[in-house]
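Alright, structures below, take your time with them.
Shared between the two complexes below is chain A, which has chain B as its partner in the first and chain C in the second.
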Partner chain A sequence: MATRLIVNGIDKAFDDFQALSNVSFTIEPGQFVTLLGPSGCGKTTLLRVIAGFLEPDQGEIFFGDQVMNEVPPNKRNTAMCFQSYALFPHKTVYENINFGLRMRKIKVEEQEKRVREVMEMVDLVGLEHRKPYELSGGQQQRVALARAIIVRPEILLFDEPLSNLDAKLREKVRVDIRNIQRSLGITTVYVTHDQAEALAISDVVIAMNKGKIVQKSDPKTIYNHPSTKFVADFIGSANIISGTCLEAAGSTAVVNTSLGILQVQNTGLIQGDTIFLCIRPEDIVPDVSENVLPDQNVLTGEVLNAVYMGSSLDLFIRMDTQHIVRASVAKDTWVSEGSQIRFIVHPDKICIMKG
Partner chain B sequence: MNGQLIKSQKKLTRRLLELLLPFGLLSIIMVWIGLPILYALLWSLVNPEYPWSYPDLFPTNLSLFQWEYVFKYTTIVKSIGNSFFLAFLTTIACFMLALPTAYALGKRKLKGSEFFKIIILLPMVFPGMAMGLFLGRMLHVMGVSGTYWGVVIVHTLVALPYMLRILIVNFESMPQDLIDAASNLGAGNWVKFTEIYFPMILPGLVAGAMFTFITSMEEFNLTFIVGAPDITTIPTVLYSYLGENFLRTRASVVSLILLIPNLLFLIVAERKIKTEYMGAALGKM
Partner chain C sequence: MKRRKFEWGYLLLIPGVGYIMFFVLASLYIMFAQSFGFYNYTGTSEFSLQFWQHVFSRTFFDDLWFSFRTALLTALISIIICYPLSLILQRIPGRKTFLSILKIPMFVPALVASFLIVNIIDYHGVINMILEKLRLIDEPLRLRNDAAGIGALSVQIWKNVPFQMIIMYSAIEAIRKDVRDAAANLGANRFSILKEIIIPITLPSALVAVIMVFVRTFNDFAISKTAGPYYPTSISNLMYLHAYTFADWNTAACIGVMMMITSIAFVSFYSYLSKKIGN
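And then the complex of A and B:
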C-alpha cells in the first residue's frame, strides 16, 4: 500500500550556488523521515524536488519503481504541508480541504464523506464555512494538514509546518501529526531545523549540511553516535574535544585530550590517530564518593557557573587545561560556583568521531 | 505640577488637531470639488432670458432650457453612447493585453522586467497632445482615423499603464506557495488560472477596470485628433463649447453629463466592492 521513496544522486544548483550535491537515500514504505539541517542546507530544495516544483540537474526520484522526473507536480501523488500553510484565502475551510478531491474527480457523495471524516480527525468540525483568515494559527495548520492527508497521497511532505506555532502548541501538534501519519501509514518526508522536533517525531533522521547528507540514522543513534562534529554540534548540546590516540588494545583505547587522559571504547583506533570526542552534558556524572573505579574516567575542575534550568542544573566546569566543559546534572544537586568538582564520564558514553 | 500642565496642554493640542484635521480636509474637498460642481449646476440651470450677472449671488431665475437644448439640438445623446461604448471596449482591450503582460512581468520575473515596467509607465508621463499628433498621423496612414477602432487603440494606449501597474503589483504579491499548493493537489494550468490566479487578482482587476473606464471617458486630446469629426464623445462635445464660441451655460450642462456617470460608477463601485478590494489593488494582500 505505502510507497517506497528513492532519491538517487540528486544534484541541484541555483546559478553559482550548489544547493544539493549527489544526494541519495531510500525511505521504506510508511516510514517517517526527517530532513534536518540549518537553513540553507538544501533540505527544502530537496523537498521541492520530490514534490516536482523544482527539476533536479542530475539524478532520479522514484516512487516505488516508477521514475518521477518527467511527471509534473500535479500528476505526482504527493501532498505537501507548507510552512506558510498556503491555504487558498478566497476559499472556505471546506473548499480548501475538498480541493484535492475535486481535482481527482471523486464523486460528490464520496467527497463529502471524506471531508467529514478528515475534519473529525483533525478536530475542525463546525468551521466548514469559515475563511482561512478567520481561523487561529493552530486551526489554519490543521486545515493544511487535512487538505494534504485527504487525498491519500503516496508521499506526504512537510515543510517546517510547525514553525509558526508557539512552543506549547508545537509539541502537541507534532504528536498529532505523528499519530495521524502512523494510523494512515503514509511514507512521509518532514523538513525541519528543530533538532528536538526531528528526534521526537521520526523513524529516521537525515542530517544535512551544505547540500550533502551527513548522517542517516534512527533518532537514538544520531543522538548517541553522531558520525561527525557537525551532527554532534547540531543535534542537542555537546562537548566536542579533539584528542590523539595513545594506545589501543582490546576493547578500550586511551586518548590524550584537552580534558586529560581518557579511556574510550576501541572502535578500531590505531595509535597516533587524531580524533574528535563527543560527550553529552547529561553523561557527565558528579562524583561524591572517594573510591576510584579503574574503568571510569574521573576528572576534576572548577565550577565557573551553575545555571538553574528548571528540569536540570547546567554546570560550566573549567578544567586544569582551561578547557570549559558543560555538564547537565540533577536539578537538586548542591554545587556552589567557584568550588572544585569531581566528575565521572563512563567510557561507553564517549562517542568517537573522525574529523 | 509644571509637568502636569505641559501634559494637559499637549492633550489639548492633540484634541484640537484631531478636530482640525478632518475639518480642514473636508473644507479643502468642498472647495476643490464641491464648489465647482455647485457652480456648474447653477450655471446649467440659468434661464437665458434672465442672465446671471453681478451683483446677484444666485441666478434670479432657473430653468431647464439649456438641458433641453443640449439634448434636443446637439449630438450629445450619440456622444454619450459613443463614450460608454468606447470606454467599454477600451476596458476589455486593456484587460486582454494587461493580463498576460502583468503575469509575465509580475510572476515570471523575466529578464529585464524592471526595465519593461518603466517603459510601460511612459504613456502616463507623455503629454497627450505631443503623442497625439504623431500617433494621429500614424493611425491616419493605417487608415483607422475617424473610426471606432482608431479611438479604441489610442484610449487603450493611454489607459493600459494603470491596468498594468495594478495587475503587476497583484501578481507580484501573490505567494508562490499558493500556486505550488494548487498544483501539488492536482490542479492543471486551467484550474490554477480560474481558481487561484483569477480570484486573487480580481480586486486589482476591478480597480484597474475602473481607472481604465474613467480614463477613457475623460480622454480628450487623442479622441479629438484621431476621432474628430466622425466620432464625438462627451469630452469632445464639451471642448467644443470651450473654444472661441464659449458658452458657459451649455459647457456646464455637458461637464455635468460627463461627471455624473463617473461619480455614479465610483459610488457603486465603492458600495459593491468592499474597501479591501481597493486595498488589494494598492498591493496589500
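And then the complex of A and C:
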C-alpha cells in the first residue's frame, strides 16, 4: 500500500534565481526521510513541488510508477504540514483538523473518532472550539500538524512541524509522528533545521545546499562519513581542517595539516592530494597515560575555554599552530582554562573529504 | 473596581475630533429643531408638527421607496458583478492595468459621470443610435429619466462597481496563498475552496461593501437628478426641492431626519449582521 516517491531531475527557478537544480532522489515505500539544509536552500520549494503547488521547470515527480506532474494538488493524496501553519482563520480548531476528512467524505462517526485521537496525540484536547487567532504559536503549529496527519495520505510532507514547540513536547510529538508513520507505512518527507532531530528519527537524511542535494545517506553514515565539508559542518559540530597528503602507503596515509602531521586511513589518497579532514569533537580524547601507542595521533595545545554543556564538557584548544580545535569530553574531566592538554585522535575517526 | 484616572492625553484629540463633532452636533441639533418648526426662516418659529404632516405624503413615500430601491439594487447588483470579477482578476496576467482602468469611475465626480452616461443613454444618445442603425428598434427608447429609473441605476452601478472592487479585491488578495494551498492539499477542489475558504473569509468585507454603497446611493443627489425619472425622484432631491424651490427649510429638515434615521438603521443592521457572522 505504501508508495514509492521518485523525484527526478527537478529544476525550479524564481525569475533568475535557481531555487532547485537537478534534484533527484528516490524514497522507498514507507521510508521516513528528512531534508536538512540551511535557510533558503530550497526545502520548502521542494515540498511545494512534490505537493503540486509549484510546477517544476524541468523533471518529474512520480508516486509509485505514476507521473504526477499534471495531477492537481487536490488529487495527489499528499498531506502537508506548512511551515507557516496556513490554518483556516475562520474555522475552529476542530473544523481545521476535520477539513481533510470532510473533503474525503469520511463517515461522521469515523471523523469524530479520528479527530479525538489526533487531538490527544498533539495535546490539544479542550481547545476544539477556539479559532486560530486565540491560540499560541505552538498550539497553532500543533493544529497544522494534526490537520495533516489525520488524513493518512499516501505521502506526508512536514515542513518544520515542531520548530515552535518546547523541547519536551517536541520529543514526545516526534516519537508519536514516527509511530503513526510506521504503523500506517506512510512515505514521509520531513524538513527540519534541527540536525539532532534529523539523525534521531530518519531512515534516510538528505542534505541540501543552494538548491542541490549534497548527500543522501542513513543517519550514521551522514554523520560519520560526510561526503563534503558542507555536510560535515552542517550536521553536528566538526573540526574541519585542510591538509596535503605527504605519503600514502598500505592502509595508512600521512597528511600535513594545520594541526600538525596526522596519520589517517588511506582511502585511496595519492601523494600531493589536497584534502579536508573532519574530526568530530567527541573523537578527541584527552590523554592521561604515559605511554603513547605508535599508531595514534598525539597532539598538545592550550585550553582556552572550558564550557560546561550538561552532558559533556566542551573544550576550545589552541594548538601550537594557533589553530583552534573543539573537543567534547566527559563532563567530569578536570581541566582548567589556560592549562596545557595532550590528546589523542584515532586515525579511524578522521574522516577524509575531497574539496 | 478601580477608578480610572483621567487621561490628559485625550485633550490632544480636541482640535480634530472637536471640529468634527461641533459641526455634526450643531447641524443635527438645528435639523431636529427645524423639523419641529423652530429656526423657521420664512414664518414664525414655534413648535409645530405640521412639517411632519407635510412629509408623510404620497410624494415622500414614493421618493423614499425610489431611493431605497435604487440603493438596494445598486448595492446588490454591483456586488454580484464585482465578486466574480475580483476573483477572476486575481489570476489573470496584467491585472494591475485592468485594476487601474476599473478604478477610473471612482475618480469621476458623480455629476460628470452622470452627464457622460446620459450622453450614451439619451434619446439621441449612442445606444439608441446603434440600435436604430441595426434596425432593432423603430424609434428611440427612453433610457434616460425613464420612469423605472434604469438610467439612474446604470450610472450608479457604473460608479459603484469599482468602489466595491477595491474592497473585494483586497479582501480576496489578503487570503494567503498558503491557506488556499492547504485546502487544495487536503482535497478541496476549486468549488470547495470558494465555498469553504474564500467566501466565508471575505463575507464581512462584502457586507461592508454592500452597506457602504447602499448608504452612498441612498443619499445620492446628482445622479438621480440628471439620469433618474422626474417622478418619483430621490429623497435628497426632494429635500433640495423643499429647501430651495419651495423655500421650506422645515420640511427639508424633516426629510433630512428621515434620511439620517434610515442610514443609521442600515448601519445598525450591518453591525448586527456582522456580529452574527463573526460568531
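Definition applied: the second predicted complex is superposed on the first by the 311 of 355 C-alpha atoms of A that agree within 3 Å, B and C clash if a C-alpha of one lies under 4 Å from a C-alpha of the other, contacts with A are read in each partner's own complex, and residues count from 1 in each chain.
Basically, a contact is a pair of C-beta atoms (placed from the backbone, for glycine too) under 8 Å apart; a residue touches a chain by one contact, two chains touch by 3 or more.
Just so we're clear, the structure is a prediction, and the values are computed from it rather than from any experiment.
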item: Combined model on chain A: chain C and chain B, fit or clash; value: clash
item: First (chain B), second (chain C), both or neither touched by A:69; value: neither
item: Partner chain(s) touched by A:103 [first = chain B, second = chain C, both, neither]; value: both
item: Contacts of A:339 with chain B and chain C, given as first, second, both or neither; value: neither
item: Contacts of A:300 with chain B and chain C, given as first, second, both or neither; value: neither
item: Which of chain B and chain C A:88 touches, first, second, both or neither; value: both
item: Contact residues common to both interfaces of chain A (with chain B and with chain C); value: 48, 51-53, 72-74, 78-80, 82, 84, 86-90, 99-100, 103-104, 147, 151
item: Chain A residues touching chain C - in the complex, by the definition given at the top; value: 48, 51-53, 72-74, 76, 78-80, 82, 84, 86-90, 99-100, 103-104, 147, 151
item: Interfacial residue positions of chain C with respect to chain A in the complex; value: 176, 178-179, 181-189, 192, 196-197, 200-201
item: Chain B residues touching chain A - in the complex, by the definition given at the top; value: 175, 177-178, 180-188, 191, 195-196, 199-200, 285
item: Chain A to chain B touching residues, read off their complex; value: 48, 51-53, 72-75, 78-80, 82-84, 86-90, 99-100, 103-104, 147, 151
